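Each of the next two complexes has chain A plus one more chain, namely chain B in the first and chain C in the second.
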Partner chain A sequence: MSALAQTAGELRHAVEDARGSWSRVAWGLAGAVVLAALLPPLSLPGVRIDSLADTLYLAVAATGLGLTVGAAGLPSLGAGAFVAIGAFTSSLLVARSGWPLEPAVLAGAAAALVAGLISGGIVRLRAAFFAAGTWLIAWLVWLFLLAFPSVSGGSQGLILPQRTLFGLDATPTVHFEVALALLVLTALAIAAVRRAAPGLELSALRQSPRLATSLGVRLGRRRLGAYAASAFVAGLAGALSVQLAAVADPAAYDPFLSFKLLVAVLLGGAAATLGPAAGVAALGLIGLVAHPLARLLQLPLDRFDTAVAAILLVFVLALGGAGIVPWLEPSLRRFRKPPRPRPQVTGSSEEGGVRAVGESVLQAVELRKVFGGVIALDGLSLQLARGETVALVGPNGSGKTTALRLISGAEPPDSGRVLFEGRTLTDEPTPDRVRLGVARTLQATSYFPELTALQSVLVGRSVRRRYGGAIRTALATPNARREALTSEAAALGALALVGLEEVADVPAPELTTSQRRLVALAAGLASEPDLLLVDELAAGAGTEELERIAHVLARIRERGVAVLLVEHSLRLVRLAADRVLVLAAGRPVAEGSVAEVAASDVVRQTYLGTQRL
Partner chain B sequence: MTIALQVFVSGLAAGGVYGLFAAGHTLIHRLTGMVNFAFGDLVGLGVFATLIVLSGTAPVTQSGAHEPRFLGALVFGLVICVAAGILTYVGLVQPYLARGSAIGWVAGTAAVAFAIRAVIGATFQRSSYVFPDPLPFHRIGNAGLVRIGGAQVQARAFFVFGLALALALGSAWLLEKSRFGRALRAVADDAEGARVVGIPVDLLIALAFGLVGALAMIAAIAAAPGQAVNANTGTLLGLKGLVAALAVRFGPPLLAFGAGLLLGVFESAIANVHLGSWQLGPSYREVLPIAFVLLLIAVWPSRDALEEHE
Partner chain C sequence: MCVAVLAAGCGKSSRASGGKIVVAVDVPVTGSPYVAENVRHGVALAAQNLNSGGGILVGSRTYQLVPKLYDNHLSARQAVEDTRRALDAGAVAIVTDGTGLDATWQLANRDHVPIAITYDGGTGLVDPVKRPNVFRIAPTNHGIAFRYAEYLIPKGLKIGLLHDDSAYGQEGAADLEHAFSENPRSVALRMTLPAGATDLSAQILRARRTGATALLVWGQPSTIAAVLTAARSIGWKVPVYSSPTGADPFIRQQLADHPSWVDGLTFAGGRLTAEVGTGPFESFASQYQSAYGADKVGVKTSGGRPVIQPPELAMYAYDFTHVLVAALTRAGSLDATKILVAMNEVSTQGANGDERGFNRNSHEGVVDDDVYFARFHDMTYAPVKDDPLSSTLPVIPQTP
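For the complex of A and B:
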């Protein structure tokens, strides 16, 4: 097929997909945008286009912030700093170096992006440290502007000459339309990203960073992407809005701007893409009421704005609200299209095919680990071949979970080596090991409270995505769309393997504990591992459930996946394991088939002690 | 040499105040895992509450204040500060900590910070105020300046540093030896365990929230007469205390206090020290330490600052 025909075909598919998900809500929003775009020519009395344009730019910055605060769940108190960086970089270029507007604006956005990347290390930190870091950023930028009047223009700010934007005089009307277009583009891009793989992974990272990273999701990379994108959008909005104001005044970029943006995001709803814009609109409406009130009470206007915003936020937070848009969500639901019916999963069709049985997959050599004064593992060696299921048993504290953690990469061993498919794993972190083919399930108490069973399994699919990046999903490239479909099919396949395809769309909190166990198994399987490390899958399971789990493990064995099973339930071990290794106080004390080990005196002593009963 | 001494002494005085804010920040973090962004402003609220009793909202013309009236005003300010701190914890921190919602207390304490700044700014509308001096430092030496080794040093600086140090050491001793301190340390180690053995965890944390403000406020007021105060003063003190606390990765309170002292000396040095003909100058005074600590936590975080991951 010629390239032209192929492109045409792809475009046709894209249009069909879009038509499929277009709903009345979408029509409503499109209509609102068109109406808004027609506003300036109408010249309605009392409507100030310049302040509306400024509000729209604020909405753009807030929408960008929604990606960091809403999707990634990172509490940022520093968005205003990036707005300031964009504003002052572009202003300096326009006012002092005579640059035309368009490249200056891009440079401003780029400067904000760079600042975001430099400070981006904080996304790896806990919420308190992240928030503190962004607080520092906000104050750093403002104090810098105050301390260096050569950069910021001092108390009068930088006066900006009039320029043209895209060949037109940069009047408030032009700014209004540009801001509107920018808001629409930003919202569309962010909505696309949030709906696809990046959004799912960020959401998983927000709900349980531990579980998400154990499935191979790269915490630093994903969060940095969201954070840097927010910084870029903020810088862009700042660079443009400062041109509208015609003066870059440092006083307008104090940390309160960051707070105002955060208020807008939380007020309008961080969980929805359009929430922040709704929040900005709400703040604007409140301002309309508050300003006359302030004049009446003879209070200084800007401080009153602050106080109202702060009180409002406290109000919203205290009511436990999620924001305006999520509040409206249920009543809008009837305008949404029902989801497309899912294609039926046809048994266990699989990429990868059958692997050669018998090949050595895992070799652990003399693993040792000491925690403080406690010897957790004291020279554990074991081997696993493809398609083999080996059980690691032993009393509490015998080092079973430690062994799993050393193999999965959660902890480095004090001495000894882990060889996977012949390759020594030294300091590869967990996500890299998942990519290589070592998957691990955590104990059943971990799950994603806001995701369905299928979504939870899709998180495990993240390491196998090649086209799951933010830019690809924002642009909805054909590869990205195709991969989304194959990923969904693979996830459904994994759910079918564990027998849960019927509950694919059930939210995880509504599943039973045993179902959640199997979902965790499916999530590990979705990464197409060669080695699956299973941590106490049967804890608290009844007899019937154990047989079901054993059946699932058998099907996994048929696929050629090696399984290392850490278990307390000797019954499951008998049903599922080829070989058993018994640990006591960090050392292996017996190894062999289930029957051999069950008959061993040493094992009886390990579990029951040496005292005669 | 003389410059160095001036830099050092004035730096130590400012650093003493920063140090108490740093110690307060780290104590709160060790107790709750959160950062109180309103800490500086809560202290600022107390300082201005004291000011309003002493001299209303008019610009201060007297350079000194009657001692008993000052004491009364100080107590009033302390009560306001402590009460506001406790209210902040009870209303805007504890509910979100219980829910595990970081965005809740982040936004809540930021809201309190900005609200207090707005209220102070609305009540005291001049750009800065002079705080009346209860202690007759201006009588010492030459209008409060003494000569030591050829350098002109403010007598007040020694007092502020000494007071801050005494407060820091005193509270460290309390933490170590008193029942209240032991209970706090238990909560810091394991809040759930402390709850199980009957320690009133929420009450203790609420009290701690208030009391760290009181300690910092005393030092801030001791230092206040030397410089202009406005709505930003409290916020900046809280910020610098946070910077010092972050620099030591929220280590023990005394360590944070030491970091605060270092920060004070560094700021003073950056502003005043010449290396040959090269001088950084006052513009960099505040921004350099903040930038440094920001990069520190971004590039080289401590193990327990990292998000939990497997």
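For the complex of A and C:
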């Protein structure tokens, strides 16, 4: 089969899939877009095409910003700066260097992308500091434009010569159609990204950065990707809208533009892909009412706009911050199609299969960690072989969790080494260790409150994706589509392994505590680990639940996965562990089979007391 | 959402038809109200006169002339938006102060709609070959700069050329530079001032230290007021010359508590009277005051009489409207191409008695020799006596 025929086949499948999954809401939106595209030739009285095109470009920038604010949970107050960078880069190239419009627009977007990547270090900051950082960027760019009139054209701005766009005179009508197409494409791409693996990872990072990172999600890279993508879209919108305006005027890119974009995103609903565009439309509507009022009160329009936007922001936040589209969603739900039935998956279908049992997987050598003056771990050495379950027990503060953190990469050891399959891991960050095959579940009952059980497990699966990047996902390449299906199958397999396949679509908050723990275990398993670090899986579990967990651990062991189990439940230790290592005050005090450790006087004195193992 | 997006684009009115002809007036209502009001009233007065005389005969039909006001906020970007709105409203011409003209002329030219500048004298704004739809009735920067060079260099002054960093200031500075380039020894310094700054003491002290014996300031009215304040408050009685913005009432309002600081300020402008005497302009000013009241400056003479601003800019807008109507009549139709062609073929008598008109080679309605200099005394101004082209001009009354 030729590549062309293969591509055509894939496209046909994609169209069929899309058509099959379209709801009445989707058809309604498609109809609205077609109607909107027909507006300019209709020449409706009272409708200004240039204002509409400008509004659409603003909606494009806001939709891009939705990725940073909604998906990544980063309150960016600097989107206007990227709009300005796109606008002035393209303007300078067109006005001073005589570039054609199309490459100049792309260069503007690229400049905004570069600026996003350069300033991207702030994505690791906490939300409040991130907001302050982006607000500073908005001010810096604006002040730069004011301070360098040779670049920005001074108070009159850069006057742009008329150019053609895609071979057509760049009239407001052409800009309107381009802006509409760009908005649709941006929304589709962002919707695809948000629904797929990159979106899930961003969402997971937003809800619980610690849990997501422990599952191998790269916080910096994912957030930077979202932030830079938003910058690119903002730059693209800025580069095109400035050509429509015919003048690159620094006054049009003051920090209020950034504020307005954020208000639009929050007003429309950051959680929904179409929320930001709805927010821009709502601001436009409010402007229609507010501007005559401002004129009546003889107030300056620009200041009045700021005041209205600020009041709206307070209003939205006071009502929970959801925004227009999420508020409307319950009433639109009845128009949605029920989810497609999934292929039946059993535990045995989980990817990865059974590994060779017996060979050494983990070797920890003389690990030591001191926090301040407290020795948390001192000289821990241990070895794990494939298919072996080792329990790490000891009193509170004995260093069990610290040991897991050092092995998983959450903390660097002060001294000692961690070797995984003969390779030194000591300096590898957690996500890289997860990729190599070291998975960890967290001690606390952490979960992702906005994800279903299956989605939570898919977050753990993300490290195994090869074609799940944002660009491939947005373009829905055949490999990405195929991999999305196999990932879902693997995640369902992991859920089946822990006996939770029936609750795959249940939101995490509706699961029992026990189920949430098992979902976390499944998320770890979905990464196809060779070594699973399990932290207090049975905390608070009843007898039946313990036996169920022990059964699950046994099935995991059968697959050749080495398990290091930190556990307070001695019953589970007895049921599941092949060997036991006892820690006391950070030091190993005994090691051996369950029976050997149970018989140790030292263990009785330091840990068991009157308890029986 | 579609409804909302649609609503966001509302504002276009239906194309002018039937008995009305729209003339757009795009001026900085917020930003430079003095200029805006003058230009707006000039067009409105012309329209009122023409309409009350039975309207405008175009072909076999009679039309009423309707001015439509737009506020460009002194912003080129806003001027572009206003121009689009004006074109959508079916305007046959756009009268502007000149804001954003480098961008707007292309849009208007696409529809063959003439644009008239009635304030900005920037060099390069008007070019009959490259910008066939741009006309101007206002003194040019080029003419003013060269008249200043002719006027000041023979006095043997060491001149400090100051301009602010507004577009207006920078355009003027370029023309001054050109005009004084042949006699560089007459220039003591060149300095850019921040537009909108209220305290220019440091800059003025520096100018004084360079040995300047006169200051020529080109900039916004606020800049000129700040220069006068800084110079006079340190007791420096240096003669100050300025761009046409020196006549702006804003300066006198700002310095109302120090009338002596305004005394001696000399500005350049287009002369208000013609060889035929002051009669035509006084008649025009009288009509203007009847229609809109006197433009009170907001200050009084030492004798306690309120000062009135002569409607100079209104005169230019008024004259252009009459030229436009002559072109409409000549074209005999509302076809934009024909109107634009006719704009090069007609002339009318202006409000001050001068002939106003354009041709294929010149779209300037005020010739360079029409530039005169006036000097303030007691909050009113009069033509200077030491310039041959100014000394013979009569004084326009500025008190009731």
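To be clear about the criterion, the second predicted complex is superposed on the first by the 594 of 613 C-alpha atoms of A that agree within 3 Å, B and C clash if a C-alpha of one lies under 4 Å from a C-alpha of the other, contacts with A are read in each partner's own complex, and residues count from 1 in each chain.
We take it that contacts are C-beta pairs under 8 Å (C-beta built on N, C-alpha and C of every residue); 3 or more make two chains touch, one makes a residue touch a chain.
It should be emphasised that the depicted structure is a prediction, and the values quoted were computed from it without experimental measurement.
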Quiz prompt | Fit or clash - chain C, chain B, common chain A | solution = fit
Quiz item: With both structures placed on chain A, which of the two partners, chain B or chain C, ends up touching more residues of chain A?
Solution: B
Quiz item: Taking the superposition as given, does A:156 touch the first partner, chain B, the second, chain C, both, or neither?
Solution: second
Quiz prompt | Touching partner for A:45 - first (chain B), second (chain C), both, neither | solution = second
Practice problem: Using the superposition on chain A described above, determine whether A:439 touches chain B (first), chain C (second), both, or neither. | Solution: neither
Exercise. Would you sort A:233 into first (chain B), second (chain C), both or neither based on which partner it touches?
Key: neither
Quiz prompt | chain B versus chain C as contact partner of A:282, first or second or both or neither | solution = second
Practice problem: Give one of first, second, both or neither to describe whether A:583 is in contact with chain B, with chain C, with both, or with none. | Solution: neither
Practice problem: Could you tell me the angle at the CA centre of chain A between the CA centres of chain B and chain C, given to the nearest 10 degrees? | Solution: 50
Exercise. Check the superposed model and tell me the shortest C-alpha distance between chain B and chain C, rounded to whole Å.
Key: 7
Quiz item: In the superposed arrangement, what residues of chain A touch both chain B and chain C?
Solution: 300
Self-check item: List of chain C residues in touch with chain A within their complex
Solution: 1-2, 4-14, 30, 74-77, 79-81, 84-85, 88, 99-100, 102-103, 106-107, 110, 165-167, 170, 195
Self-check item: Contacting residues of chain B [partner chain A, same complex]
Solution: 29, 33-35, 37, 91-92, 95-96, 102-104, 106-108, 110-112, 114-115, 117-119, 121-122, 125, 239, 242-243, 246, 282-287, 290-291, 293-295, 297-299, 301, 304-310
Self-check item: Touch list for chain A against partner chain C, complex
Solution: 32, 35-36, 39, 44-52, 55-56, 59, 149, 154-157, 159-162, 172, 245-247, 249, 251-252, 274, 277-278, 281-282, 284-285, 287-288, 300
Exercise. Show which residues of chain A lie in contact with chain B when the two form their complex.
Key: 69, 73, 75, 77, 118-122, 124-129, 131-133, 135-137, 139-140, 143-144, 147-148, 209-211, 213-214, 219, 256, 259, 262-263, 266, 270, 299-300, 303-304, 306-307, 309-311, 313-314, 317-318, 408, 410, 430, 440, 442
